[in-house]
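Right, one structure below, let's go through it.
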Amino acid sequence: MNIQFDPFVIPFNIGLYFILLYVVTRSIIWFRDLSRPDKLRLQRGFFGTAFAMSLKEIFMESLIHRKILKTNLRLGYMHMSLAFGWFLLIFFGTVEADIFGTKHLNAPYKAIFFRFFNPDHGRTGFEAVYGFLMDLILAFILSGLLLAIIKRFYSKIVGMKKTTRLKLTDRIALTSLWLIFPSRLLAESFTSGAYSTGSFLTGSLGSWLATFLPAQQMAYPFWWLYSISLGTFFILLPISRYMHIPTELFLIFMRNSGIRTGDKAGTFTEVQAYSCSSCGICIDTCQMNYSAGITNIQSAYLMKAIRNNDDVSAIADNCLMCGRCDVKCPVGIELSPFRMIQRRAGEAENDIRNIYKGYFRSRQIIIPEKPVLSSNYNYLHENEPAKADVLFFAGCMTHLTPSIKNSMIKILDASDVKYKFIDEQGGVCCGRPLMLAGQDKEARELINYNSRMIWKSGAHTLVTSCPICYKVFRESYYLDVEVLHHTQFIKMLIDNGSVKLNFSRKKVVYHSPCELGRGTGVYDEPKEILRHVSKLETTKFEDSNSLCCGGSLANLKISSYDRRKIATNTACELTKENPDILATACPLCKKTISSVTQTRVADISEIVAEALNINLAKRNIISQVSSIKELVKI
Amino acid sequence: MNKFGFTISQGRQIDYESNSRRIADYIYDNEPSFRLCIECGACSATCTAGNFTSFSLRELNILIKRGENDQVYQSLKKCMLCGKCSLVCPRGVNTRNIIILAKKAFQLSDEYTV
Amino acid sequence: MNPEGKKAIWSEYQKEIADDKFFYVRSCIRQNFFPGSEVAFLRIMRDVLKKDVFEHPCHTTCSGIGYHGDVVPVETAMTVVARQFALMTEAGYSNYVPSCITSFGLYTEILDTWHHFPQVEEKVRKQLRKATGREFEKPKNLAHASDVIYKFRKEIAAKAKYKLVNKETGEPLKVVDHIGCHYAKMFPSKGVGGAEYPYVLTGMVEEWGGQIIDYPERRHCCGFGFRQYLVQANRGFSIACSKEKFESMEPYKPDMIITNCPGCPMFLDRWQYVINEMEGKKYGQNGEGIPVFTYEEVAGLVLGFDPWDLGLQMHQIDCEPVLNKIGIEYSKEDKYNLKVIPSYSRSRNLVNV
Amino acid sequence: MKKHVVVIGGGVAGLEVAGQLSRVGIDVSLIEKESATGGNINNWFRLFPDRRRSSEVKEYLDGMNMNHDIRLHTNTTIEKFFRNRNNFSITTNAGKEMTADAVIIATGFDLFKSARKEEYGYGIYDNVITSADLEKMFTEGKIALTDGTAPDTIGIIHCVGSRDEKVGNFYCSKLCCVTAVKQAIEIREFLPDSKVFCFYMDMRMGGALYEELYREAQEKWGVNFIRGKVSEASETIENGLLIKVEDTLAGRPLKMKLDLLVLMAGMEMSEGGKKIARLGGLNTGENKFFVATDSHYGSNRSNIEGVFYAGTCTAPMNITETISHARSAVVEVVDYLKIAKS
């Protein structure tokens, strides 16, 4: 016997066709909203290696969830079992329907409800094996589901410290998602129970149920439930966080075709916002969370707030911009640039209230902010800087840590470079702090001023002691000079032998500053210098995993009290092996950390300056030079 | 009108009642540490902008609190937001947020055409 | 407001005021500002109170106006003052009564200086001897003319023809008193009632039926301030001071202002006009301004002197509203065609000069 | 025979001294001009910096002399006081004569008479009160203006009668700053909607936990602090107060309307103390307080052998300091009496 149709499949069909239709329309809208160059990129992205890479990534990340697996096995397994398992179920289900079904190319529901329409299938040989496979997959999914349910109630078990909070539609979607597989299990079991088919899972469960229940009658409602939960899930998908499932595919394609966040909101930012699966890894890795107990501003919440069109300004400004979540995000959302855009943006107008907007939101709006209270720096009058090959720009923060400044002078004097200390009498801010506050227009004024100064000096190299300055000099200045952080510069001096250093037996650990490390990718030079002059030891927080000192200028909201908590925590972590020196390469880090630890905190320049090996004659000259400097200062 | 060869001088007195402390209240609500300022002047001493022009966060705080908003509005523009002040503040005042909130408060109010 | 508290303070600031044989010295500027006032003082003292008041033809400015205008050094001022004292001594008087508040202030200041630095006094005596051959005794009693009127306020009230009362409503007139800064601000103990709550004018007004109103800026200077007024460019400060006072007293709806200083009535009176010209602002009930009087004028009015004899037509702000309120009869047409001033006893020594 | 010590003044210092002396078996006569002991502490509701009830301290002090037999003479003042060869003769207003082997003077302080700062109009304007008046309101549990309504804006003037050569007091009374902060907080507790402004010359938060209290006042209670000495107060037509002050940190004069003005009256040598000084020929300093023979190790010793000082009759002190000063006085007396015996 072979029925071709039954009314219970209607909810599923509605859901399925709705979501397919929706995804298509949505992707058209998104594509339309892309900037012209991005359109071209995307088109190119569909051919050649980019496409292959995308497929690979989709498989590795969207299905297997490799990144999550790496950071947290149980969480990874959970995501994988659901995503990959479901994928297999659909895939093999379709195949099953295709080969064992009455005809080829069935309507999808035939595959999904195969067991209903072919109840007495799977008794013999190959069919049985196939049935076994299907049951296996189902079991695989259910195991993951179990974890998910547990996680929802006790986060710890899956190794999550925090779990994201949900809004109503999310809850409904979640429940329907949870119902899908149990209901399928029961539906299939009852059917198999009735026809005594089915494999180890459905079969055995079915026959057992059949012993005390009217399997034939019981099966039908569960098929309904199965179909309904599928339908509901599909329909709610676009306004629930599970939208990340389809969206992530777009994200991967876009990324691999070279589209980047940039500095304006648009399709890509929106796609990123929807690709966030709220896995909560960003929450776990956020120091503001686990050191200062601030638990409502992490990137997951930022994404959610944006999806809900809430006012995100408070969230956006309350972040150290250390970039730890950035490197850890399994979906690879560019969280820091994303946040910067939100800082520049005004409050988004709240249009989510009408349900239609939930599905077809107007492209993420940035209301043109009321004209910014324009800053006025015309009090900066330009003077003619002396000519020099190398410019040393200490930076505001370095002026608050004279030891770094003096060490750099000592090193520069010791080397034979012809340099000029450009902001010896206190310079103009590099502009990065303004940018971090989302005030690019003002920042640009300062950037232009500094740029002119640098051009006029005719230097070919610009050395700065402050990673904050370094980042902005490199990224936002249009300079024809080589910009170096002093660690890079010192490394250079060592390599070309312009400075000779003594080795000290001191035990040193290195704290990589956010702006220098994750910010601009300078990880190795500092460590190489330290290896050169001392016993560098590693910590649990190397390179991209390094901690933030908590002093970051990027956070406009955090209280000094909470900053201190973070700093203390970081200091403890880094001084666990009680080193002689906690080395860093940022005046701000030095200042912040040294105020909360007994261990000596020193900038690399200081360590190098102390290790300088200068022959007597030269030393005298320098002492004279420096003494003259003093006089001049006075 | 000046047919007497002089005009009536305006007083320098701050008239506390007639001044509007809208800006101050906005900051109080959003940055409580604003209240902690004891006007020690550490911020002004280290100020990058203050090195070039007559800008003093200490004075700014007072003027905001007294509601001398026109003056605040003018000097607010000079800040570079570099954050040295927040590092030297003995009372842990979140100085940069004060500047940002003040700017925002002015934007929110329509009295000030920017 | 607790009147008992004020009385307590007033009781602490009582000063001794002679009751006869006064040596009267005039003010430099009053005779141009309000010439009637000093005459009124003499009439009251001699004809009404039958007191001996002596005037010396040879007395000069005390140079206080120059001293406070930063053009006369203090030693010069002291020598000039010493000469005045010498005239008093020669005339055989010892109760010194200046008409001008600034003079009073300067005399007080100088006497106090001499008290603390006798060597300075000696030096001044030498200088005076060298310059004029005169010797002098310090006055036994130094009182400002307003102190003297204050002392005899009850006698005046007894002889009074009018009271400072609105004859329609029977309400006492609301009077603002303004004390010259140099009266007590420098030496509170030398002023009746001290510097914070001076009683000298309050005493008169209350005695004569009026009611003093106590407004926030009552301590404020009228704005004359010598330097301020004497340099035209500075007059903006001067007028600003008066304006502040007017703004502050306005809500109390005062009927009149009474003063005891040469400058104050002048500026409180004229500046009302200038403010009106500059800003179109009119003070007082229905914009007719707040009339300003000297204490002599007020004393004269209650004693029933003719307003025009008192020189009230010299005021910028018309005094008629007040006259009408009190019910003083006067002839409109006489205001600006002055008849012969009624005879009253002149200084004996001046009769044939 | 038992030694007899007369303690003049039944305030914090006097009670502590009396109690401690009687503990070491010296019999004590305690002379108090008022009808009850306690002195100034009776006028305070709570004490800085921890804002405990002053009554708790009072209970301790009373306990001290309850437990021991102390001859307490209330409503008593000293009329005659002179030294014989090795003891003192004292005659009270009741005509009672007593001889003492040693005398401890604990005459304490009087609050500065705020009416002397005429420009603030204490006793003239309604709604100008002193710190003590405010404490009274706290005790009664109601802060009200003369018309019975609750004040909205309250001003507190520091240094009234202290650090002011105009009233002849050059010294700092040392407790007014912290008292002002304490009272500001209490006002905000009583009237959560009120605004409080402290007008100070310097914030002298020297004692333990004072600065913390200051911080709390700013952070938690939103008390406003304006640096500048109020120059004059006057009454407005609607019976409010108008004060003039320079906001020295803004470098601008400032005028402000207030509903209530609280004067932080400073501490002065008590009238009783002055009288004793006259009778006994005891040295007083320029600040009118008694002068001890040595400012470091002899702060209880007077210029007359056998006469000792305890507490605020020598200088402004808080209760903690007063009590320790009183205890050190006891040590001095015991030593003296030993020596006298041998």
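Should a chain be cited, it is by its letter among A, B, C and D, assigned in written order, with residues numbered from 1 in that chain.
The rule is simple: a contact is a pair of C-beta atoms (placed from the backbone, for glycine too) under 8 Å apart; a residue touches a chain by one contact, two chains touch by 3 or more.
In this text, all values refer to a predicted model and were calculated from it rather than measured experimentally.
Centrality annotation: B (chain centre taken as mean Cα position, compared with the mean over all protein Cα atoms).
Among the other chains, the CA centroid farthest from that of chain C is the one of A. Separating the CA-averaged centres of chain C and chain D is a span of 45 Å. Chain centres here are Cα means. That of chain A falls 84 Å from that of chain C. Averaging Cα coordinates per chain places chain B and chain D 40 Å apart. In whole angstrom, the spacing between the mean C-alpha positions of chain B and chain C is 47.
Residues of chain B in contact with two or more other chains: 11, 33. By the document's touch criterion, interfaces exist between A-B, B-C, B-D, C-D.
Interface residues of chain B, counted against chain D in their complex, comprise 11-17, 28, 32-33, 35-36, 38-39, 58-59, 62-63, 65-66, 68, 91. Considering their complex, residues 1, 3-11 of chain B touch chain C.
Of all residues in chain B, only 33, 46, 48-49, 51-53, 73, 76-84, 86-89, 92-94, 96-97, 100, 103, 106-108, 112, 114 touch chain A in the complex they form.
Those residues of chain D lying in contact with chain B across their complex are 203, 215, 218-219, 222, 224-225, 227, 247, 249-250, 252-257. In the complex of the two chains, the chain C residues touching chain B come out as 232-237, 239-240, 243-244, 274-275, 277-279.
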